[in-house]
Structures are given as structure tokens and as C-alpha cells.
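Shared between the two complexes below is subunit A, which pairs with subunit B and subunit C, respectively.
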Partner chain A sequence: MTRHHVAGTDAFESDGDRVNVDVRGREVTVFRYDGDYHALLNYCVHQGGPLCEGSLTGRNTLGDDGWEWVYEDDRKYVNCPWHGWRFDVTTGVSPDDERYAVPTFDVAVEDGEVYVEL
Partner chain B sequence: MSGHDDGDRGDGRDDPPRTADLPPGYDEEDPYEDAELGTYPDWWRENVELFREYGLRPYRPPRFGDGTLTTPLVEALEGELDVRIEIRTVNPQRVATCEVVVDGERVATVERSREPDGHTAYDLAAAEFEAAVREAAAPPASGDSDAG
Partner chain C sequence: MSTEGTTRSGTGGPGSLDDLELLVDADSHVTESLDDILPYMDDRHRGIREMIELSDMPMSDVFSITAPTPIFAYNNQSDDVEVFGGEAGPAGKLEMMDEHGIDYSVINPTLTAVLNTVNNTRVAVALARAYNGYMLDNFVDADERLKVTVMVPPQKPSIAAEEIDRHAGERDVVGVFVPTAGLVPPPGHEMYDPIYEAAEDHDLPVVFHSNTGAVHRAFPVVHNWTESYALEHALMHPFTHMWYLASMVFEGVPVKFPDLDFVFSEAGIGYVPYTLWRLDDHYLEMPHDVPALEQLPSEYVREQFHFSTQPLGHTARNGANIARMIEMIGPELVMYAADMPHPDFDLPGELFDRIRGGLDGETTAGVMGDTAAEVFGI
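Here is the complex of A and B:
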């Protein structure tokens, strides 16, 4: 496994910020979410759209009372700009169908610099 | 609640090049149907295998505007010039322009797009890319010497 430089942490000012890099012919995008860094392949499982260039949202779940909906995990899901397929930026798994997932990669932060390992 | 809408770059790319009703991973062709993957460079073969593992459409490597493959040229220049070359986009949800960075210094910016067949195209000819990298890697022109 080789470490590849992505950017300085100053490129990720707030949650939702991200940096896309070409690493040996594959596009990898590092997201900042909840203060941590997560890397996904910038390639949608559906039709190969630039997944990681899409909007970030949370999701609606049914509340404990079984009646009201609760919006939670804001900015945890990236929505492909081509057809709206969405994936959890922390796991790569689709919240709509767990059969589908995009590859994820380990991220390391050292001396203010962000790296992906692959 | 619809959540944030920070993915609209306002670049007019509203219509995706592939229809939404296609099955996941569907492709009209398999570019590797008769190929011997062992003859491909490691980076290419590993990407083909990764894409297959996750059921993605077949891997197609990124290219410069003239069709030249990006990765071999980047690796050749890094080896020859002993530099680190990065092609990256900060907050690609907002901008379509990526930057070419050589040893930490931005030397060019370039538009990039995801093409209908799934490969990424950089709107820059390979010769222009190579020239920008070589210029950045070249030692500074010698000026007046302190040694007098």
C-alpha cells in the first residue's frame, strides 16, 4: 500500500469540503465529514457519473414515535449529479440498497497534510 | 427537507449523458473481453480489477484532450524529472477546473469532464501538460552571481 498526497488540511475548511485527486489513473475524492476524512472513488456504481461532485444531504428516517420523520446525518450522503444515486461518504455504501457500494480508501493525516493509501 | 444543494456548479450540465433507467454497471461493450490483463501496466490492471470487484462499468483510463493517456505521461515525467505531479480539484462540487501541481506549486489549471463512456477527459493537450511540467521543474535561470 502506497501513500499519496492529496492536499493540506487547510483545503478542508469545513465539513462537506472535499478534494478530488487522480491517483494512478483513478479519481479519489477525500471528504471532510464530522471533522474526519473519508475517501471514495469518484465513480458512481450506477453509470459511472462523477459521484463525488454531487450535493451532500442527510436522510429522513422514521422517528421513535413511528409517526414523525426525522432529518439526520446532514451532509453524510453524496448524491451523484447524473441520476441521484447516493452513498454514505464514511462507508461507501448506498443507504437505499446495501448491495451497492463504491470503493473506499484509507486516509492518513500527518503534519497538516492529507494522504490516501492505496 | 431537501438538505443542502452544494452540488450545483451552475455549469449547465443538467442533462446526464446516460439514461437513468440503465441497470447499475451496464455498458454496451466490454473493452477487455478479449484482452489479456497481464499485458497491461499494473495501474491499469488494478483499476480494471477494482471496477469489476464493485460491479462498475468497465474501467476506462483518463486522457488528455488529444487522447493521450494521462497516467503514463505523469509517471514518466515524475521519473525523469524527479518531481511529484498532482492533478487535483478542490471542492469539485463548485468548480470544474482542476489544477496541475508540481512539487507543491500550481503550474496550470484545466477543465475536466466525465465523458459518456465513463472516462475523465482533461481539456489540455499532452504536449501542453508536458511543457508546463517541464517548465516548473527546470532549474531557475542563473542570474547575476553573488560570487562576483
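Here is the complex of A and C:
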């Protein structure tokens, strides 16, 4: 496990900001969500698309009445630009089928600098 | 069409139909006519009955059946097989079953199956109740081998639920028949929830069955350009099922009614793997539109849906394809159906001969009868 520099925390001004880095041939994207940092491999397990370049959204869920659509967790999910498969940026797991997940990496923040470990 | 040697009175021996302990026709039909069911119309609906009797053209004045060319117009090769009318009673049904070794039949309507073409909701309700009265008097308790479904008028779900409550306790009532030909809105709509609630309460599966003659209700534009009955018949059964299966799953009907079983009949099974693959990828690619779902559409289907096999289509070139098709769907979801006496029926051998080499004995027995017995509580 090696620590790789991503960017300064000033590159992540608000939730939804992200920085993509190449770590010895592997593209890794660090997202800021709810004040924390999360790293995902920029690779969709569906057909190999550049997942982490996709839009960040919340998701519709069913309301308590079982009918209403309720939008929640804005910018928690990254949607692959190729086919729209989506993954939770905090876990790498698809909210639609937990058998699908993209690799995640630990993130460390020290002295205002963000690092990924892989 | 199968011939001698594929029936249970044939040659016997290992791997023959004779070895099956149970053979169930999951989609058989009564060939009721208006004359058959009108006497069973409730006296409270006498005005409706007399109105229908006064019509010279009830197929267009009461129902609004429109076919591009006449239904089965050229299928007059036998006086014994008629689409409407004919041997409508239990004796004729049992005779056919005995001839082909069928132990049990689940009997669905023919004419009344196009109930959605009845514009007047009160008339539709009266006809559905009359049909159920006719079946109650003629088929229920007639013979333990004859099972029937309760016809419900989708136009009036509250009364549909009452019909289910009224008949569910009868010994030979094994399911709820939702006429799906021309069902608008499609069956995923919440207006139908009372039907599903009642069926679930009584532990009865809900059977979805399309028909021609009613296509214009749901597919009006293409119907206007359909120039033959053959074209309409070929496409509208599977099109309806694909549309309605998608409607039900994407609208979360199986999520709302997790203990309910659904049966899709009379479109064959070839459309099923394709539809499920398509629904699964749409679930994963457009998840914002289907928040009711928590797993793949095919997984809901695997848990709660069944499909009957008739009409298999022209499979003679490579019968093993049917076995593969059944494996793709999941053998436990597939039930043999004959569709007798309609003129595109599949005798037991039509299916059995083609799958016995490709599926093991237990799986084959499941498809030919055991699964249907379980689903319908036979």
C-alpha cells in the first residue's frame, strides 16, 4: 500500500467536487461528499466506461405511502456517462444491485493535502 | 400438431408421456357464446340482458370486436372444433382431456376474454358476473379434474374484487382471470390494486391472457393498418404481454403484493428471455424511473410469475431450442398449456417430445404438470 498525492483540499471546495488522478496507469477519482473524501476507480463494471466522469445525482425512492417518488441523497451517486449505471461514491456499490460494485480506495487528508492509498 | 405416439395412449416406455404422473393444461378454454351466458345474468340486470338480446350485432354493439379479417375464417376443417359455441360443456372438455391424457384443465373464457372491448362499464360488469354464473353452474363441482378461473371486469375493480370474494371459496376455482386484451390503462396502474388485494387475500394466482379482436383498444394506430387476422394474431399476444409485464414490474406491483402469483398465458415463451433481459438492463440504466424496485426485474419475475407454453410456435426444426428457452427463463416458471379447443392448440407431445431430451425427468415433470398443480393449488 502506497500513498499517492491527489490534490490540495482547496481543489474540493464543495460537495460534488472531484479530482481525477492517474496512479501508475490506474485512473482514480476522489469525490467530496458530505464533507468527506471517497476514491473510486474510474471504470464502470458494466462495459468499462469512464464511470467517474458521469453526473452526480441523488436518487428517487418510494415515499412512506409506497407511491410518491422522493428524491434523496443529492450527489451521492455517480452515473456512468455510457449507459447510466450508477454507484454510491461512498461505497462503490450499486444501489440497484449490490452484486455490482467498483473498486474503492482509502483516502487520507494531511496538512491540507488529499492522498489515496493503493 | 402432434399425432399418435405422443399421447399417453401411445407406445409407452421410458421417457414417454405415460411416465408422467401428472399432466395439467394450464390454459384451457370454454367456448361460451352470448346465448350461453345471458341466462345467467342477474335479474337486477334484466334491462341490460334485454338490450343485448335486442341487438342484431352484439359483437359490435355490446362488445366492440374488430378484426382485420374474420377470426379464424379459414379454420373450418372440422365440425368438432369451434371457436365460439360448440361443445361448451364439461362432458366435451373431459372427452378431449381423456383423448390426450390430460389430468386437469384450468379453464379460461373465450368470448368473454375480450371484455375490455365493452364500452359500458355496467354492461361489462353484468357480463362478467353472468360468465361466472355460467361457469359456476356448468363447470364448478362438475368434475374434480375441471378447474376454473374467476372472470373479473377490469373496468370496475371494486366489483372485480367482490367477484373474487364471492367465488374464491368454491372447490374448483383456482385463479383470477384478468382479460388483458385491450386493457387500458395497463395492469401496473394502481386502479387495479383492489383486484390484486382480493386475489392475494384468497391465495389465488392472477392470470393474464390476451386475445385478438380487442387489440384496437390498446394499440389503436397499428391496428388500423393491420390488414389480416394472421398478422394481428401473430403479434398481439406477445406484444400485450411484453407491454403489461413491463408495466406491472416497473410500477412495482410485485413489490406491493409479494404473496401474489401472476400467470401470463397464450403467447408462447420465446418472448420471455428477451423481455427479461431488456427489463433488467433498463432497470440498471434508468434506475431513477423505477424507484419501487430493489432488485432486478427478472428476480421479481422469478419469484412471482409463471408463463404457459402454448403456442410454442413452429419448433420442429430444432426442438432442443425449446429446452434451452425453458432453461433461460427458469424451468420452475414454465407450465405446459394446451389451449384446447382453440385451433392453435399444442397437444402434450408437442412440448414433451421436444424437451425430454434436453431437460431432466424432474424438470420435465414440473413443466408438464407439477408446477401448474402447485400454482393453481390443484
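Quick note on the criterion: the second predicted complex is superposed on the first by the 118 of 118 C-alpha atoms of A that agree within 3 Å, B and C clash if a C-alpha of one lies under 4 Å from a C-alpha of the other, contacts with A are read in each partner's own complex, and residues count from 1 in each chain.
Throughout what follows, a contact is a pair of C-beta atoms (placed from the backbone, for glycine too) under 8 Å apart; a residue touches a chain by one contact, two chains touch by 3 or more.
Quantities reported herein were computed from a predicted structural model and do not represent experimental measurements.
On the shared subunit subunit A, the superposed partners subunit B and subunit C are arranged side by side without overlap.
Residue contacts after overlaying the shared chain place A:His5 against subunit B, while subunit C stays out of touching range. Legend: residue contacts after superposition of the two complexes on their common chain; A:Arg75 is shown touching subunit B, with no touch to subunit C.
Of the two partners subunit B and subunit C, more residues of subunit A are touched by B. Contacts of A:Val102 after superposition on the shared chain: subunit B is touched, whereas subunit C is not. Of the two partner chains, subunit B is the only one touched by A:Asp17; subunit C is not. When the two complexes are overlaid on their common chain A, residue A:His46 makes contact with subunit B and with subunit C alike. By the touch criterion defined above, A:His83 lies against subunit B and subunit C together after alignment on the C-alpha atoms of chain A.
Of the two partner chains, both subunit B and subunit C are touched by A:Asn60.
For the three-chain overlay built from the shared chain A, the minimum Cα spacing from subunit B to subunit C equals 7 Å. Residues 46, 57, 60, 83-84, 100 of subunit A contact both subunit B in one complex and subunit C in the other. Those residues of subunit A that touch subunit C in the shared complex are 46, 57, 59-62, 66-67, 69, 83-86, 94-97, 100.
Residues of subunit C touching subunit A in their complex: 190, 252, 256, 281, 283-289, 291-293, 295-296. The part of subunit B that touches subunit A in the complex is made up of residues 1-9, 13, 16-18, 20, 22, 24-26, 43-44, 46-47, 50-51, 53-57, 61-62, 70-71, 74-75, 84, 86-93, 98, 114, 117-118, 120. Across the complex, subunit B is touched by residues 5-7, 11, 16-22, 24-27, 29, 41-43, 45-50, 52-58, 60, 71, 74-75, 79, 81-84, 100-103 of subunit A.
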